[in-house]
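This is the structure I want to talk about, given as structure tokens.
By letter and in written order, the chains are A, B, C and D; residue numbering begins at 1 in each of them.
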Amino acid sequence: MLETSTLYGLLGIILAALGLQAAILQRDAIRRILAINVLGVGVFLVFIATAYQGADTPPDAVPHALVLTGIVVAVAATALALGLQRRLEILDEDTDDE
Amino acid sequence: MTFDALLVLDMLLATLMLMLAIAALHCESLRQGIFLYIVFGLVTALAWARLKAPDVALAEAAIGSGVAGALLLAGLRDRKPRKQKSLLRRPAWQVLTVTYLVIGLALTASWAFLDAQANDVGPRLGAMVQAELANSGVSNPVTAVLLNFRAYDTLLELAVLLAALLGVLALGPERAAPRAAGPVVHHLVAWLTPLLIVTAGYLLWVGAHAPGGAFQAGALLAAAGIVVRLSGNPHNGLPSGIWVRMLAVAGCGVFMFVGLASMGGGANLLQYPANWAGTLILLIEVFATLAITTSLVLVYLGGQPDSWSSGRRKARA
Amino acid sequence: MIDLLSGVLIIGGLFFYVAGTIGLLRLPDTLCRLHAVTKADNLGLGLLAFGLLLQLTDPLSMLKVLLIWILVLAASAAGGQLIARHVQREQEDSS
Amino acid sequence: MTELLLIASAALGLNLALSLLAMLRQPSAGDRMLSAQLLGTNGVGVMLLLSLAQDQAALLDVALVLALLAAVVVIAFTRRPQEASHD
């Protein structure tokens, strides 16, 4: 019988692997940023899956807090990366014009 | 019977997440990829709800699919249409090497995960949290961990957010504002914004005893700033000049101040006196919310607001 | 009795959800699909919400469920308008 | 009652998958936003059902946030950048 936490934990690992593969293989900056976000969700899923202790027990709060922190850090990193890619885009344009 | 239905739901959510992730990462059009990523965020929020992590589900619904989606769309608009590159393929040997390496890594991680599950012995940190919860000043265990037991993490997280904000501000002027919206968007924004603000206030308040708190509230307030911006209003709801900067550092600042003040009372850094803990946590959360909101709206603008540099620009001209 | 009634309401809600999806799958053009989806979907959520309301006891929770329904109704009405405009503009652009 | 709620949420989940499929078949911009709305309402429905089935009142708040953010996403998708303004 498949335990809930095992199902979601393995799903998290597969998602993280998919995100990692795409982050390495894609060439487009925004696609890579997207891939890193998927990688992050995969890792968070492993955390939350380990926190889950069945339908009747309250889950472990520590991984929940870690994941909350992680989500905010991930969005901060995404914003910075998108800012950098915008800067690159502007620089590209300048060199094209010359 | 109950179990069967749950298993069906689990399998559905898992399949959906897998398919959405693959489709979002590898579809032809990047715009569609971002759209699929937002839907992926929605399904992820359902998975968090299913795994009894309502705090995380709230944050995912607000940040993961909402704010991150708006950010990615803004990033996509930075592209000039003629430059929207199609998928560039890599040579087969690179694809194969990376794929096999990643599969190897995933198998190792799965083995470690299954092994850890099979040998699940020893006390969990969660039990310690439950035991000490009464002394934390709040009754929601996740808030207790974030703002009391592991307050260092949260302080540093606010610092990371501030660092990202400084990085974005250093990159130049803000993105061009969208043009003024028509009446439909204006009306939608006119009643959506107050609702977002009220819900944010509510989440901040209930965070002490139920799922919610500074991050979720900050993300919702930031969403309010983002829709005001999207409606073509140049003011985006933030105060001007020095006040924005004060707000952006207020989270870290108040947090550090409280931490140092508790040292003055003879305790360790960030070790609050037990009878004050609830009040101090609320104080920190209010300023953290304001700082998170300010930072998220400013990074959405993508650079220094025009109002900051207009003085300098006039001087140059 | 209440359970039965809310069960019927929930199943009725599901029916409209499915009808909305079938509309999305089968109807010929975007504006028709728009019509089917916004009507059926909100009725679906409405019935579902009323089915759930019968099960709730806490007044704050009931208020929240009502608020969610009204919110989705309003957002869908405005969103339908926006999407129709967007479709129209795309057609103008392409012609 | 819990069983009915769980079965209903699984059925809505299936419906969510189907509407996603519908979207992938017709990827014009209007249809995409249309299914965004449908997916949003679907997600809110599943969240409401789960809230009652798992007896977690907090999930009502999540459903509320989802409903709010679905409106935000629709606005974000229908807005165009300034350069494209010709009307």
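Operating definition for what follows: contacts are C-beta pairs under 8 Å (C-beta built on N, C-alpha and C of every residue); 3 or more make two chains touch, one makes a residue touch a chain.
Just so it is clear, the model here is predicted, and its values are computed rather than measured.
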When all chain pairs are ranked by how many C-beta pairs they have in contact, which pair ranks first?
A-B
When the C-alpha atoms of chain B and chain D are each averaged to a single point, how far apart are the two points in Å?
19
For the pair chain A and chain B, the C-alpha centroid-to-centroid distance in angstrom is 12
Based only on mean CA positions, could you tell me how far chain A sits from chain C in angstrom?
31
Would you pick out the residues of chain D that each touch at least 2 other chains?
40, 54, 57, 61, 64, 68, 71, 75, 78
Where does chain C touch two or more other chains at once, residue-wise?
71, 75, 78-79, 82, 85
Per-residue multi-chain contacts in chain B, two or more chains
6, 52, 55, 185, 188, 192, 195
What's the complete list of touching chain pairs for this entry?
A-B, B-C, B-D, C-D
Contact footprint of chain B on chain D as seen in their complex:
2-3, 6-7, 9-10, 13-14, 16-17, 20, 24, 27, 32, 36, 39-40, 43, 46-47, 50-51, 54, 56-59, 61-62, 64-66, 68-69, 71-73, 75-83, 85
State the interface residues of chain C toward chain D in the complex, per the touch definition above.
3, 6-7, 10-11, 13-14, 17-18, 20-21, 24-25, 30, 33-34, 37-38, 41-42, 44-45, 48-49, 52, 55-56, 58, 61, 64-65, 67-68, 71-72, 75-76, 78-80, 82-87, 89-90
Across the complex, what residues on chain A touch chain B?
2-11, 13-22, 24-28, 30-31, 33-35, 37-38, 41, 44-46, 48-52, 55, 58-62, 64-69, 71-80, 82-87, 89-90, 92-93
Along chain B, where are the residues that touch chain A in the complex?
6-7, 10-11, 14, 17-18, 21-22, 24-26, 30, 33-34, 37, 40, 44, 47-48, 51-53, 55-56, 59-60, 63-64, 67-68, 71-72, 74-76, 78-80, 83, 85, 87-88, 90, 94-95, 98-99, 102-103, 105-106, 109-110, 113-114, 116-117, 124-126, 129-130, 141-142, 144-146, 150, 153-154, 157, 160-161, 163-165, 167-168, 171-172, 175, 215, 292, 295-296, 299-300, 302-303
Provide the residue numbers of chain C that touch chain B in the complex, in ascending order.
71, 74-75, 78-79, 81-82, 85
